[in-house]
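Okay, so chain A shows up in both of these, paired with chain B first and chain C after.
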Partner chain A sequence: MTSQVLPPCQAACPVRTDGGRYARLVAEGRYAEAYEVICRTNPFPSVCAHICLRPCESHCRRGELDSSVAIRALKRFVTEASGAKRPQPPDRKPATGSRVAVVGAGPAGLTAARDLRLAGHEVSVFEHLDRPGGMLNVIPRYRLPQAAVDADIDAILAVGIDVTYKCQIGRDVTVDALLEKGFDAAIVATGLSRSRGIAVPGFGGQRFTAAIPWMTDVWLGSKVDVGRRVAVIGGGNVAVDVARTARRLGAEFVALICLESREEMPAEPGELELSEAEGIHVMPRAALKRVLNRDGAIAALELMAVVSVFDEAGRFRPTYDPSRIRTLAADMAILSIGQAPDRSWAEGTAVQTDERGRIVASRDTHLTSHPRVFLAGESLRGPGNAIQAVADGHRAAEIASRFLETGHVSAPAPDDVRPLDAFPPDVMANLRTMHSPAREPEPFAETEPSLDEAEARREGDRCLGCLAGAVIDTDKCASCLTCFRVCPLDAVEIGEVMTANPVRCQACGLCASVCPAGAISLSYWEGAELTEALQSVPGSATEADGSLALVCRYRAEGGIEATNVLTVPCLARLKPVDVLRLFRQGCRSISLYPCAEEDCKYGAAWRNVQVIADYVRNVVQRVWPEAAIDLYLPETVGYPSAAPQEDQDDRRKAERD
Partner chain B sequence: MIVVKQKEIDWILDRLASFHKVVVLGCGECATVCFGGGEREVEELCCALQLAVQEKDEAAEFHGLTCERVCDWEFVEPFADTLRDADAVLSLACGAGSNLLADKLETVRVIPGVDTIFLGANAGPDRWTEMCAACGDCIIDQTFGICPVARCAKTLMNGPCGGSKDGMCEIRDDVECAWAKIVERARALGRLDELERIIPPKDWSTARDGGQRALERADLGIRRLCTEDLDEG
Partner chain C sequence: MEKHTVLLVDDDVGFLTATSLVLEHAGYRVVTAEDGRAGLAAAREHKPDAAVIDVVMKRPDEGFALARAIRADAELAHTTLFILTAVGKHYQMLFEPDEQWLPVDKVLEKPITGDRLADEISAALAKADHREGNL
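This part shows the complex of A and B:
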């Protein structure tokens, strides 16, 4: 079986979000369509727009050139600022008569519940808290606004899912009871609700607590208790969240103490710098040796030096030097060293646990030892992030749904995907760098900075269109070699047939514009779409004065003095015949408004706008000398300028003649 | 390949003036490659013709159509009904295709939309030059690969003539002297001695001068394989 090649952002995303596609749709101002692309595989777009760890951005090919496309920031723009409405879910399939119980209303459980409901099954969710969201509730609100959580969950529940709150599985109801009561299957997605502890002398006093319970109290509003000097033990994202929350609550001194070195710390890059900018003291390579209490309250922590954390095989085997001690005064300690599942619900049921107390379940089929009980999310996979939970929820739902329909449990076929290869060095040298308007978060900011519309469109335009480039129809191709000759990136290969190499092609559209056989289309943006848009220019609009302004969709439309304006996605991609037809449809004079050459991400393709104008003028003026076609060059950049000087650095090779 | 160049649009409009329903036919091979009569030119020309008659307030209709290759009837035949339905076909194919088209359509007027100008090769972007005159008796072995029939204005067999100056032909200042090139190439290969041999006058009966040429390749036997006459169960 040959692997499917995907754009690296899509290959890296656990739910295969087509990040590049929605980025390009934003660049063109097509926000509703962008929202639809986002929601195709992700029922938590607003949440992910704030907290997704964005594996897509880590793999974005643009990152090799200047910086990744800010795919997550674009998702936030679409869901919050674009004005587009959340797309309606697909129609529910006809009722199957089956009923599924989902335990846990976190991201995995709710994703599974939604998928199952849309597949036509009846779904009931059982949640132990008084509200849905699971771990989403303990993410600090400066990172994840409540409104985002509510927007996603309201939309999910609206497909017809009923939820019972304050219902603890194992205590208030058992899986066996649910299945006897008429549910045909159960999916348990209870996550990792127990905090790991460490047995050190002196632990257990007042204000010696753990991340999840403490954050739950803070963010779910029941009780806020913060010391003056808070020590947070742990080096991951949750520990950072705890530390930054403690600072915001007024702790004078907050230390982040972890076994790992700075480089080994699992927290997201950038979080440490932000934490330090907020006044948090990062103390790597330190282990808690014992807690010193006074009058039943914490007075200080004794820390010892860590020699190493991982052994040669990469396993977690910390070694210490107990002779190197420091004492840290503190009145509160919050452990953030990991979570574990609560398996007590399985006791007394047919769901078995192994000798180490772990629930026996197949990682392939999600099935436990009970033939009708499945696991999903962190309770099956171990620690993970939000989008991984969504992916696992999808998977569990697919398997459970198939089980309900066929009686068989089977894992889906393995998803054989590989990302598009990296840029060859000579292609890199020909790509133009473009400043990203996305800004880094500020210390103590209310929330991360968001993109306004002009910034979002510019950011979306930075997408290089991986696998969205030229496709040559070999039936029509006459092998004239023109595409090969004009391509600025040497992306066209001569073989038995002409092909455009997707590793090199950047979808500039120059080949499609010049091809004499009409054999080339761009897989992302079909020329037919433009042709239709141009054909729809109503005659009456141009009858009045016969003028039409064609404006490149990537530039701002302000400052154009014209009565009739039509935006097209990139003027350099136009076919001469598309412009000629406008004269046929009643235009007398056409004005072309391309982006400034230094703004056009396709430096070489920009010249084609001049070529098209001259060519069309030559043809049309032979039959109609009064017809006019003119090119207007912008004097100012259409986007927010503040472009740093290195942005103007021209990395183009010497042009071909 | 065969290089064609579109005729002036005024000429075309003049010849099409008496026809109302015109099919503009393009060819997907040579005419496409030299941007003379492929799908792109068919679409553009239909548009320009429509604009022109619009201005004159006339009611002609132009339909565009492009075949893989007009010089093989099987590629055109699927469109025969459409073509026969027209008052005229403006053919953007080379003369070979246009002639075959007229032979096959018989009653439909075929108007050439291009001039077939030469057999040539690509000489860089936007440029093609004549390389061969199809004389039927190739002697470029004796002239180091440079054809004196196509590339010498006088078709000299033993040039250059007195008009050759600085490697250029006297007829126009952008035309190279073929014989100057031949001599240079012979010199570069160290074979100037070969040019001392006189090339005799050609037998022009193999060229256009001998009348319409035809090629029969009975040795291929394909005729025997074509199933119209065979009856194999």
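This part shows the complex of A and C:
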């Protein structure tokens, strides 16, 4: 079987969001379409716009060149600042008459619930908290604002999902009882609701707690207790969240104590840097040996040195040096060494557990030992992140829906995808670096900074268009080699037929604009859209003064003063014949505004625009002597005030001399 | 066949009484202790096949300490050890056996029925007998 090749960002995303496509749509100002692409596979766009761990960015090919496209920041711009409305969900399929109980209203459970509802099943969700969101509720609000959680969940529930809150599975209702009540299947997605404990000597003193209960108290508005000197045990992202939260709540001293070395710590490096900037002390290679209590309350922690964390086979098997001990004064200890599922719901039901108490379930089919009970999300897969939970919710819903419709349980076809190969060195050498306007968050910031519109468009334009490039129609191709000659990246290959190598092509579109046979199209950019836009011009242009400004759509800055303005996707892709047609349709003065050179990812696209302008000028002035076509080349930064072509030619000539 | 001996350590006398009855009915010889110190002494005296240990007694970590002490005693190291506690639910933590701090065979959560506890002990002792038989 052949793997499907995808852009690396899309291949890395658990729900296969086409990050490149929405980045390019943002660059063009097509925000509603970008929102639609984002929501196509992800019902938690606002949540992921804040907290996704960005596997897309880790695999972005621009990262090999300068820095990855800030895809998550673009998602946040689209969902919060672009003005675009959230797209409507797909139409619900006709009712099937089946009923499904989903236990747990976190990302996995709600994704499954939404998919099942859209598939025509009746869905009821049972949640033990008094609100939906699951673990999203314990993510600090400075990282994930409540409004983002609410926006996604409101949209999900609006498809017609019924939720019963404060209903704990196993305590208030059992899965057996749900099935007896008429539900045809149940999906349990209760996540990892318990923190792992350490039976360390001195355990149990006052202010000895764990991450999940403490963060639940903090972020769900219960009574919050924070010490003056807080020790957080753990080196993952949750531990960092706990430490930063404690600091924000007024702890004077916060230490992050972890077994791993700084390089081995599982926390995101950026988050770790921020936490240190906020005054948190990171203590790597240290293990809790003993808690020293005074009058029943924590007074200090005894720590011992860690020699190694993993054995030669890479298994977690820490070794210690008990001779190297240090004591850390602390009045609070918060364990954050991992999370585990609460499996007590399975006790007394037909759902079996293994000898270690784990629920027996297939990772392929999600099915437990009960023929109508499925697991989803972290309950099945173990620790993960929000977007992985969403992906698993989709998968569980697909399997459960098929079961409800056919009576058979089977795993979906394997998702066999492969990322587009890395750049060849010679392509890398020809690519243009572009500075990213995305900013890192400041210490103690309420939320991460967001992009404004100009920044977002520029950031979107940094997308290199992996797999969005040229496709040559071999039926139309006359093998004239024009495309081969103009391609700046040697992406066109000559064989029995002409082909464009997708690993090299960057979708600049030059080949498509010059192909005399019209045999080349771009996977993403559609020439028909431009032709249609150009054909709509004459009426308005002639009603005024017959003048028209054509402006590159990727241009981030404003400031074009013209009566009639038409933005086009990259001026270098204009075909001379299209411009000539504008004159024939009534235009007498056309001004061309390409991007400033430092904003143009193709760098020298304006040269192609100049070629087009010179060619058109030569033709039209023979027919209409009064006709003008002027090219407004950029200054070093931004756009110049309109300058006649001759002046600019003189300036360039002077620069050359 | 000689009866297996089970040591129950818990500061809840009602629990000790009720659970002893169930386990004796299931065929075990049962000895009890109400704190960690007495539990260790009883273990040394009776050399139980299995011990079921509560955590929070006079001290919040007393059961954990007793489990480590029994495991560290060469004459008792083979004892099948259970932690039986509500401390996990109380702290919303999950405790699982680990070599360093919790060298027990299984962690069970209260509440638990006497019958289920008897089943757990029976299964664990059968496994231990099988292991020893294979040696």
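FYI, the second predicted complex is superposed on the first by the 624 of 657 C-alpha atoms of A that agree within 3 Å, B and C clash if a C-alpha of one lies under 4 Å from a C-alpha of the other, contacts with A are read in each partner's own complex, and residues count from 1 in each chain.
Simple rule for what comes next: a residue touches a chain if its C-beta (ideal position, glycine included) is under 8 Å from a C-beta of that chain, and two chains touch if they have at least 3 such contacts.
Remember, predicted model here, so these are calculated numbers, not experimental data.
Three-chain overlay on chain A, with chain B and chain C fitting side by side and no clash.
Once the two complexes are laid over each other on the shared chain, residue contacts for A:Val623 go to chain B alone; chain C is not touched. Residue contacts after overlaying the shared chain place A:Ile198 against chain C, while chain B stays out of touching range.
By the touch criterion defined above, A:Ala210 reaches chain C but does not reach chain B.
Contacts of A:Lys93 after superposition: neither chain B nor chain C is touched. By the touch criterion defined above, A:Arg262 reaches neither chain B nor chain C. By the touch criterion defined above, A:Arg584 lies against chain B but remains apart from chain C after alignment on the C-alpha atoms of chain A.
Vectors from the Cα centre of chain A to those of chain B and chain C enclose 140° in the overlay, to the nearest 10.
Contact with chain C, but none with chain B, is seen for A:Ser344 once the two complexes are overlaid on the shared chain.
In the composite built from the two structures, the nearest CA pair linking chain B and chain C is 72 Å apart. The residues of chain A shared by its contacts with chain B and with chain C come to none at all. Taken together, the chain A residues at the contact with chain B in this complex read 476, 478-481, 485, 515-518, 575-577, 580-581, 583-584, 619-620, 622-624, 627, 657.
Touching chain A in their complex are the following residues of chain B: 8-10, 13, 28-29, 32-35, 38-41, 43-44, 47-52, 54-55, 122, 125. Chain C contributes residues 55-56, 59-61, 64-65, 67, 83, 87-88, 91-96, 98, 101-102, 106, 109, 123 to its touches with chain A in the complex. Interface residues of chain A, counted against chain C in their complex, comprise 193-205, 208-210, 212-213, 335, 340, 342, 344, 355-357.
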